[in-house]
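Note that subunit A is present in both complexes that follow, paired respectively with subunit B and with subunit C.
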Partner chain A sequence: MLRFIVRRLLLLVPILLGLSVLLFAWVRALPGGPAQALLGERATPEAVAAIESQLGLDRPLWEQYLQFLGRAVRLDFGASLQTGQPVIDEMLRRFPATIELAVAALLIAVCVGIPLGYLAARRYGTWIDSVAVTGSLLGVTIPIFFLAYLLKYVFSVELGWLPTAGRADPRARAEHPTGFYVLDGIVTGNLDASWDAIQHLILPALALSSIPLAVIVRITRASVLNVVNEDYVRTAEAKGLLPGTITRRHVLKNAMLPVTTVIGLQLGVLLAGAVLTETVFAFAGVGKFMADAIVQRDFPTIQGFILVIAVVYVVINMIVDLVYGLLDPRVRVS
Partner chain B sequence: MSLLEVRDLSVTFTRSGQQPVRAVDGVSFDVAAGQSVGIVGESGSGKSVTSLAVMGLLPSRGVTVGGTVTLDGNELTSMDQRDLRDVRGRDVAMIFQDPMTSLNPVVTVGRQLTEVLTRHAGLGKGEAKAEAEQLLRRVGIPDPVRRLGEYPHQLSGGMRQRVMIAIAIACRPKLLIADEPTTALDVTIQAQILDLLRMLVAESGCGMIMITHDLGVVAGLCDDVHVMYSGRIVESAGTKDLFARPSHPYTDGLLQSIPRIDDDDPADLLHTIPGSARDTVPWDRGCAFQPRCERAVAECLSGPPPVAELGTPIVPHPVRCVRPVGEDVILHEGNVAR
Partner chain C sequence: MRVHRKAGRLVALTAAVGLLAAACGGEDSGSGDTGSGDGGDPKTFIFGASEDPKTLDAAYVSDGESFRVIFQIYETLVALEPGTTEVVPGLAEEWEISPDGLTYTFHLRDGVTFHDGEPFNAEAVCFNFDRWYNFTGPAQSGDVTYYWQTIFGGFATKEIDSAPDTSRYQSCEATDELTATLTLTEPSSALLAGLVLPAFSIASPKAIEEGGTEIEATGDSFTYSGGFGSEVVAGTGPFQFVSWDRGESLVLERNEDYWGEAPALDEIIFRPIADPTARLQALQAGEIDAYEGVNAADIGAIEGAGDQVVERPAFNVGYVGFNNKLPIFQNPKIRQAIAHALNRQGLLDAAYPEGAVVANQFLPPDQWGYNDSIEGYEYDPDLARQLIEESGETNLTLEFWYPSDVSRPYMPDPQAVYESFAADLQAVGFTIVPKTVPWTPDYLQNIQGDGLGQLHLLGWTGDYADPDNFIGTFFRQDRPEFGFTDPTIQAKLNEALTLTDQAEREPLYEEINQLLYDYIPGVPFVHNQPLLALAGDITGYTPSPVSLEYFKLVDIEG
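Right after this comes the complex of A and B.
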């Protein structure tokens, strides 16, 4: 088990090295070079030269790469061109919001998606199945910004049940030791703040959950349909087991294998930031920050962010594999 | 009264937009306690569907079951699923064809064995585990304590089938249904599994239905045999009688298809029945086997073939044929009862 984890973490080294070369080459391949890109097309040659020497772009490529790598290892990606603050600080400040949103969205998707997918499979061909299939089709096709505005309009503007934007009521006084607002309320004993954070989380999480929810419904349905026709389910029936036991022990335990993989992949996607959802709900996560960085050609931020997301992806995949091993003895590492 | 009485069992599969298919058509047979009954036929003859119908394991949608199945005085076909669940696994148990796919890959052998004990025998967890250990020992699995904690993929095919058998006999069922229990196994393992089944039936005194396409299995294990073709029983007899005097041309063809090493003519070493089970005639128009039959005559297609009794009232040997092997006259409704 430990060896498996160590091996997977070691795998990060070649992945990150390869990625760093790509990122490094990408910035250098920008038209007119990074300094020109930074200053815009009308910059004077003197200004470009000044920036190049300031950023070390006039030195040999290999030297520049080693310097870039050396800093990246220490999580030093330079200062954000948008705010002038170190990129890593900017990311650390925004990641908790993104993680909170991603986890909430995934929680909704899992808690609704798995039972719905299961029900659709067991009631195959009935109206429940049709609703689930059509609904999941709608979930993947409806533009997320449209859904976000729709939710906001109905539940915040018209009904007034939930706040329209932000992560917390600006009038509330709350401390944020961890940056996870829901957790902060619990840690500081301020449950009102937690409740406030949850209320702010509901609509963006709902909007963001539409795609993972649809995917999970589909995969669960297909997987359950497969498993109920397996011989071992017939064996379980032949044993006269109670329906609940058959469902839990013989159907779901097997049907969850592909669903686990999909949940992991979806979490990776969600953690990379939800630009549209964060923008509509003014939710200060990494998605919005990254979108701004791309528009403003904030290369240090983009580079740092991509490297961090790569690590997140590898770690999530490793966790998925570990969970898979727990569920399926055939792939268990011995 | 027999342990199991199957009377006029029929199973029809209906699919919207398609012709209904009658997979089992008027099948009747008995199984007495301690008796092994073979049901023989090729793929598609309806033998597996018959066993699933006895277990009440056919899906409810698109399937119509007719006739009666009476186990120890209880009629099963009219029973609701809740009551059937109490019967299955306790009074009647089933061993399936492929032990590779019939065990749940993500649940331990021990759990799959104890769950049937806690469900039907009312045992606690500890008692069930001790009983499971005994059961594994009984079916010839060495080191049962270790095996209980293992998963199916850690066991060989023969071992897995032994586990399946242990699960089936766990609650001392009155009737054991074995659906081609050796088909997926190596030849050497097949003999071991058949020996085990023979021993268990003799020990427990339960009845057994052996579903197979292999007449060799029947010869070594069964007291009575029913030969099925296209959903109907075409010949029934005691095993010895059937092998000595196969009377339906289909049974005869099956027996001749067993390769014999002492055959004089090497060209005749492998006998086959021409055609396939798809070349068939609906039973109400004539004999379903007619298109493949070497003894076919015009009368074969004049309505459902009558059942001729070639045995005695004490040792019956009914055959559904107008021109059984060894008979020279053409049988019809008027002269079948002799």
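Right after this comes the complex of A and C.
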């Protein structure tokens, strides 16, 4: 197990090195280069030259790359052009928001998706099945931002039940020691703040969960359909086991293997989807920060974001593999 | 193991049920109404901004979102009459200008204190001026101290190559407790109009020193590492800083010791919502009270729901620029032909909100120096065809540049402008090749930096009320954008800048506008009125031509 983890972590080194070369080359390939991107619309050629020498951009490329790498290892990606604050500080401050959102979306996807997929398989060919299949097709194809506007229109503008934007009611002035707003309310004994944060989470989480939910429904359905036709299920039925026992011990346990893998992969989709969802809901997470960074050519932020997300992605995949091993002894052996 | 798994399931289930229950309940969510007016509830005005301010250190910024917040916290020596560009007393009650235009004596308001309790006096004023003049290193970058360099030029010691060589600033002296004397090295006609800019906000010297104002070039960028402007903020304005949670909200509260009339609002909250549709929905759901940048298509929905749309006076100009150094544009008949080929009123009717007017000069009508006797180019395709024929030009292929992914106050939809004008030009015989690139940094770099445009769309919104801010910016110097080098017009623009008497300057600018109109270095086509949305119960919001709006005048009807 330990060897497996170490091996996967070592794999990070070549991945990150490759990424760092790509990111370094990309910024140098920007029109006018970093100094021009930094100075923007009012820059004169003299100003660009001055900044280039100030930032060491006139030194040889390999020297610049080593410098970039040296700073990146220390998590120093420079300052965000949007805020003038170190990129790593900005990312750390915003990560709790994105994690909170991704966890909420995943909860919805899993808690609704698995039962619905199971139900669709067991009621194969009925209207329940048709609704689940059509609904999941819709979930995968509907653009997140469109769904987001629609949800806001119905639940906020028309019904007035839920807020449209942000993570909390700014008038409440709640304290946020951890940055996880739902948790913060519990920690500070301010349950109203937790409730407020949950209300702000619901619509973005629903919008963000649409794709993973749809995928989980379809995979669960297909997987359960496979398993219920297996010999061991028929044997169990023939033995006269209670239907509930068959479902728990034999059907679900085996059908969940592919679903686990998919859930892990969907975490990546959630991080990517967060860029859109957070923008439309003005939800101050890393996704929104990244979207703003792209619009404003805030390249230090984009570099930092990509490197951090790459690490997160590799680590998530490693965890998925580990969990898979726990669930399926055959994988562990090999 | 089994127990754990069960527990895990239970947690997941509870959370999911909680989320779903929340989705269905929550009518008393408290997020629906902005809860103001009645009884003891505080009056809170929530503004939906498009982004966070960069910093609240006024000297380091030049963008509108930073200015909007700074303008409520700090004040300047001279202020603006609300809703106009007229300069009125601010922290200085009155002032005298010496006949040579080099000495400005400001008599300061008595009994004013900064938010941190420090007294406001002449020493504090000069502390700020000296701070700006003595900026070093990265602070001398044009990106950081744009307005100081625009109004005053350079610094005590020139440290980076791009900084201006000379400075108009000589000294600031606290002659007595309430008299500050500003001395210049050369007269500047734009000084008073420029001093109303929030970049010249007078901040508490103690706050500046205690907070720190370090700015560093680290890695590939600038870092504002000082605490002044993010943690320590103290001006003299009607509202004072409370808290700033970047990306979420920035909170100001009423300054109970304000020297002027007490504001009606108890609290202002700025919420960054970058997406325009999300701002509209937040207004409709009652989560914000105001936002800027209303889409013309949304006016009906906003007004239909009982909210308000207000227009800012048009203080901008949109134009089709020519690259005058190209041979084809050195032919006056071609320039005239284009001016008569463009159906500008037709474009405005189709693609602009009500209130937009056809421009005939590079200066908005509300700015003094505007020449009332200019009538404008008639839309006349036949005349355009005739002029082309007379020009003798045979190669009539032109690249027409316009920016993508952007909406500007003078140009909400650049592509619509391009399509309309390109059709007009094709109709009289030009062959138009479209060229489109993203706004930042490509478009501005290509057009303003490299002068790649042949025909191009661009415009300008005034920073302060001086004609030089418009036509001086465009034409006083050779700029790649226009490739325009007319010595007569340039000499007159330079002369007009050194005069301090408006009565002398006004006819000069009117004459220059006539000369530009006759030369046609480009065709101005619109003065647009940017739109703001306000909740139905907001009163007293006075739109400003230069986008500097006093929230101290705003009230919420009970």
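Here are some notes:
Just so we're on the same page, the second predicted complex is superposed on the first by the 319 of 334 C-alpha atoms of A that agree within 3 Å, B and C clash if a C-alpha of one lies under 4 Å from a C-alpha of the other, contacts with A are read in each partner's own complex, and residues count from 1 in each chain.
Note that contacts are C-beta pairs under 8 Å (C-beta built on N, C-alpha and C of every residue); 3 or more make two chains touch, one makes a residue touch a chain.
Since we're looking at a predicted model, the values are computed, not measured.
The partner that reaches more residues of subunit A, of the two candidates subunit B and subunit C, is C. By the touch criterion defined above, A:254 reaches subunit B but does not reach subunit C. In the superposition on chain A, A:21 makes contact with neither subunit B nor subunit C.
In the superposition on chain A, contact is made by A:232 with subunit B only, not with subunit C. With both structures placed on the common chain, the touch criterion links A:73 to neither subunit B nor subunit C.
Of the two partner chains, subunit C is the only one that A:104 touches; subunit B does not reach it.
The part of subunit C that touches subunit A in the complex is made up of residues 12-13, 15-16, 18-19, 22-23, 25-27, 29-32, 35, 44, 46, 51-52, 54-55, 138, 141-143, 146, 160-162, 215, 217-224, 243, 245-249, 251, 267, 269, 271-275, 277-278, 281-282, 284-288, 405, 440-442, 444-445, 448-449.
Listed in rising order, the residues of subunit A touching subunit C in the complex are 27, 31-32, 34, 36-44, 46-47, 49-51, 54-55, 57, 71, 76-86, 90, 93-94, 104, 107-108, 110-112, 149, 152-153, 155-157, 160-171, 173, 176, 195-196, 198-202, 205-206, 279-282, 284, 288-289, 291-292, 295-297, 299-300. Remark: subunit A residues 230-232, 234-242, 245, 249-250, 253-254, 327-330 touch subunit B in the complex. In the complex of the two chains, the subunit B residues touching subunit A come out as 55, 57, 84-90, 93-94, 96, 98, 101-107, 111, 115-116, 119-120, 151, 153, 164, 167.
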